[in-house]
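Common to both upcoming complexes is chain A, partnered first by chain B, then by chain C.
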Partner chain A sequence: MTAPPPIEQSLVVLDDISRFYGEVLGVNRVTLTIPSGITSLVGPNGSGKTTLMNIITGLVRPTRGSVRILGVTPSEPERLFRLVGYSTQFDSFPKGLTGFQFIYSFLRLFGYDHAECEKLAWKSIERVNLVEAAKRKVAAYSKGMRQRIKLAQALAHDPRVLVLDEPLNGLDPLVRAETIALFRELALEGRHVIVSSHILHEVDMISDQVILLSNGYVVAEGKIQGVRDEIVDHPMEVLIRCNRPAELASKVFHEESVVEARLHADGGGLLIKTRDANRFYRLLNHIALNGIEIESVAPMDDNVNSVYEYLIGGEEPGR
Partner chain B sequence: MAVYKRTYKGYSGGLTPAWSRFLILPRYSFARLFQSKFLLLFFLACYIYPLGCLGYIYLAHNLSFLKAFNVSPNLLKIDGTFFLTFCSFQGAMGYLMTAFVGPSLVSPDLTNNALPLYFCRPFSRAEYVIGRMSVLVYVLSLITWVPGLILFAIQWSLAGWTWAKDNWWIAGGLLVGSAIWIVLLSLIAMAMSAWVKWKVAAGTLIIGIFIAGAGFGAAINSVMRTRYGSLINLSEVIATVWAKLFRVNPTTGIDLFDAWMSLAAACVICLWLLTRKVRAFEVVK
Partner chain C sequence: MTPPYGLWWAQIRAVIRLEMKKTFFARRGLWVYLLALAPVLLFMGRAIDLMRVRETRLALATAHPVSAETLQSIDTGMTIDEVIGKLGEPDSRRTFGRRRRGPVVMMSYTDGQDDYTFTFIDDELRDINRRDHPSLQQDSLIYATVFQFFYLRLAIFFGCVGIFMNLFRGELVDKSLHFYLLAPIRREVLVVGKYLAGLIATVVIFTTSTALQLWMLLLPYDASAYLAGAGWHHIAAYLGVTALACLGYGSVFLAAGLLVRNPIIPAATVLLWESLVMFLPAALKKISVIFYLQSLCPVVAPPDRDMNPLLALLVSNAKAPPAAWAITGLVVLTLVILALAGMRARRLEINYGTD
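And then the complex of A and B:
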């Protein structure tokens, strides 16, 4: 087999992947290139997020297409599983183990010796702030602690690709913020952190890129602003805070690029819908020179929530 | 644009051999198993019969006892029948032990969705099954062929080299007969544990398979006027194999080849059931 090109050795590449469970579609014709950083998978129930994650982790073989995780294919499981760490969305724990035993015993499956496993287990437990609870049984952990110990087992063997299914689910705000900071830290170390989440504003906050899935197909992928720019069916919404919004409205309304202009409820701004944001921003510069004081210009719908709404519609984000 | 820098270094030390990794699975199982006082007592009770056999062997070689009670040395014979009885009794204890231990092998992992955790590591489904099975293999070995071989060794030391030379096949019978029984029980227990997540029901099913097999076998035999119904009676099938191994005439009326085929079929069915359930993901229909 020929070695993959060097650039591919730093990417997660899915090439025309399809996976069917009998007659049920998991994912269909998915082609993705995921660089390092935080990538979020978003989609309603049954959209194929977990199937995609299972394919990346090597747990499920695609019906067709090929997968390369940093240049390694699933046909080399010994190498692949050392590169990938997986945390499932389910509470998946063998019965009766303490937090430490849980991490330690799963590390032993990688073939590390006792001393190395102890060292790595404590290191990952420290990273998720569970040292004090490490000797307690996992069964007695709270939902948030169980999420963290799952994260610790995914991290423990120092993988380059982390696949985390709903990792923020059940965490209290403080731990959630700590966990997001940890994801950022891991991404800055050059790892791929692939998360699925149904909390869209969080996805917006943490992700370097987003993959939107619906009915097994990739609906959109990339940086969220870039994805928003591509959606031409829905005019972009912009909030302009200024001293004379009514006058601004009269000036912009006859412009071809403006579809809709309405005063903000608080009277201190103007909501504009435009089909050509760049042209509108140029126009705004011109208006600003003619006496209207513009305090701020903020796009209102270049976030995951809006993009999700436009592309996938009213379906509830999956859990 | 974010700039990412690889600042971490992966593990570069030695690895344990891949073949030995299944041994990690029973690591915590034994401690958990013997936390149950009932199971511990039952395990100890499994040694009552071997201790009785030990006493029997001692008395059979104790000339002063034989003289005092005027017992003929030929009456207390240590031969294939003696070890067949041992194997049958300990096999029955092993069967009950399996019904207690077996349900907790795979079902907790399935109930807790823990299988993806094993299979997203360099660890195959076969290694998982062998690892879980090894718990039963250890426990059943400790109550079947291990005490059996100890008794054989004691008899050998008391009766002398000539006895051992003439009866070496007994040791082989103990090993092979126990191994077949252990594999069969373990596979049945694993398959039931994988398919029936409720432990009590899985335990009942393990016992039920043998009872139902005997019942259906007898029904088929009487309705169809055949003997092939006995092939689904696993107790009779294994008794046939054991009898042949200990060079005793079987009373079951089952042909040895048919008995082997029946055992092989039971194992294949269990393996098939396991492959359907032991996998990293559940297919939602």
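And then the complex of A and C:
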């Protein structure tokens, strides 16, 4: 077996992946290179997010194409799962186990001894703030607690790649914020955190890059801003808060890159649509130097939600 | 590179630990215990009955001693008074009236070992019925029949269906198999771990049952002569055959659990195959479990003349190979099936439902 190139040993690489369930398409011709940091998979129900995650982790084999996770193929689970932790969307657990036993038993499968398993189990349980409930049966856990214990299981062996299918589902706002902070922390440690989510504003908040899926195809990938810039059919919307919006409107309206300028309903701002955001921002700097006090400049549609709407139409993002 | 045997063994132990509780205490596996317990209850009932009858006979013989020689001196043609004159009053006497004819009188005696019933018609002894006390030899044949006919072919067979098919299939139904597949464990190692867990459970359940059955078989008798002879060998053989049955059927149904969703289909197919295998050429016989097991049974089950031909078909035996060959053959068959199961497990996917 030839060793993958060194660069591949730090990336998750999917090369021309397709998966069909009989006649039904799971994912088709997906080619991705995922670096470390937080990567979000976004798409409506049936778009192929879970299939893609299952392919990455070897729970499902692709009909065509190849996968390498840090240079390891999913056909070698004995090597792969020392590098990868996967929190699936399946909400079922081995029967009769407490939260601690669940993590402990899972770690024993790695071949660790009793003391090591205890230490790692408690460490991951602490990391997801579930210490108090650790001795209770998983069957008695709330949805949010089950999500957290699954996350603890994925984290327990300190993997370099985390694949998390809808990890924020069922979490209350406080825990959700803590969990997002944990993802950030893991990403800063140089890990790959691949998350699927249907809550777009959270995806916006947490992602270093996004992968938009629709009907089994990747429709866009990259940093949100970059993806948005490539959508030339829809001019970018920018809200400018300033002291003299009408004057600002008259100044920018003749600019070639501006296609629309509209006063904001509250009279304290101006909504601009531009085909060249960078050029417009440079213009705005110039205007600001000429006496108009600009309080804030906020792009209104370079978020996942807008990108999604422009690329996929009216489809509601889901799992 | 040297295979990491130490790691594999640690992982196998971890799998066994996880499976043990599920295998022994699963609510859905309760019927396996009932299946294993059924022949124990059967032989317990018989033991209790034999001991009760023997106690009654001894009490009667003590209260009214009659020697076997005196009882054997009674001949047909004698009158009731002549018999009573020789033997004294009977232990029990029943009279049946007949229309326009003399009564039928039945008198029972015992010498403490056997029961004698004398039937008089019109005051003349017409029939002498001697009922022997059952012997351990007779009961051994009954046991051999139950063991081969019911216990091996049905109880252990279906017990293995219940336990081994659930090892993978049950977890697919419960949607919990993916936890194993998310650990850095070779799929073949997982198969071996699960198989050993199932094997430990079935061997414990069914050999315990076999031991209890044999205890119940011997309980009403003075078994010292039997044990001094072939007894211990028979006991060891029955326990060994039980364990080997779990070994063989276990591998078959573990593999089946990896291949099909519905347990009834492989169970029916294997049962049919095991029944028809005697009609097949020698080479094909060797790929059945029962072929090896029957040849290892210490007592040949006697054919029953009144048996339904379909059932007789089940009991018939193929030409038996020597014990060492039978054990080797069964172990090789098991290893081949497990190797195939391991290959299948490598291609196993998790697809509980829709994406």
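Criterion: the second predicted complex is superposed on the first by the 318 of 319 C-alpha atoms of A that agree within 3 Å, B and C clash if a C-alpha of one lies under 4 Å from a C-alpha of the other, contacts with A are read in each partner's own complex, and residues count from 1 in each chain.
Heads up, the rule we're going with is that a residue touches a chain if its C-beta (ideal position, glycine included) is under 8 Å from a C-beta of that chain, and two chains touch if they have at least 3 such contacts.
Because the structure is a prediction, the values reported are computed rather than measured.
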Check: Will chain C clash with chain B on chain A after the two structures are superposed, or do they fit?
Finding: clash
Check: Just chain B (first), just chain C (second), both, or neither: which does A:Lys273 touch?
Finding: neither
Margin query: So in the superposed three-chain picture, is A:Pro94 touching just chain B, just chain C, both, or none of them (first/second/both/neither)?
Written below: both
Check: Looking at the overlay, does A:Gly48 come into contact with chain B only (first), chain C only (second), both, or neither?
Finding: second
Checklist line | Touched partner set for A:Arg82, first chain B, second chain C, both or neither | finding: both
Check: Which of the two partners, first being chain B and second being chain C, lies in contact with A:Phe110: first, second, both, or neither?
Finding: both
Next item on the list: Could you say whether A:Asp158 touches chain B, chain C, both of them, or neither, answering first, second, both or neither?
Entry: first
Check: Comparing chain C with chain B, which touches more residues belonging to chain A?
Finding: B
Notebook entry, point to check: Where does A:Arg61 make contact in the superposed view: on chain B (first), on chain C (second), on both, or on neither?
Noted result: second
Next item on the list: Clash-wise, after the superposition, say which stretch of chain C runs into chain B: 56-64, 74-82, 92-100 or 146-154.
Entry: 146-154
Next item on the list: Once the two structures are superposed, pull the chain A residues common to the chain B and chain C interfaces.
Entry: 21, 54, 57-60, 77-78, 81-82, 85-86, 88, 90, 92-96, 105-106, 108-111, 153
Item checked: In the complex, chain A residues that touch chain B -> 21-22, 24, 36-37, 54, 57-60, 77-78, 81-82, 84-86, 88, 90-97, 101, 105-106, 108-113, 116, 120, 153, 157-158, 160, 187-191, 208
Margin query: Considering only the defined contacts, which chain B positions touch chain A in the complex?
Written below: 2, 4-8, 10-11, 13-18, 21, 24, 27-28, 32, 104, 108-109, 112-124, 280-281, 283-285
Notebook entry, point to check: Tell me, which parts of chain A touch chain C in their complex?
Noted result: 21, 26, 46, 48, 50-51, 54, 57-61, 75, 77-82, 85-86, 88, 90, 92-96, 105-106, 108-111, 153
Item checked: Touch list for chain C against partner chain A, complex -> 6-7, 10-11, 13-15, 17-18, 21-22, 174-176, 178-187, 346-347, 349-352, 354-355
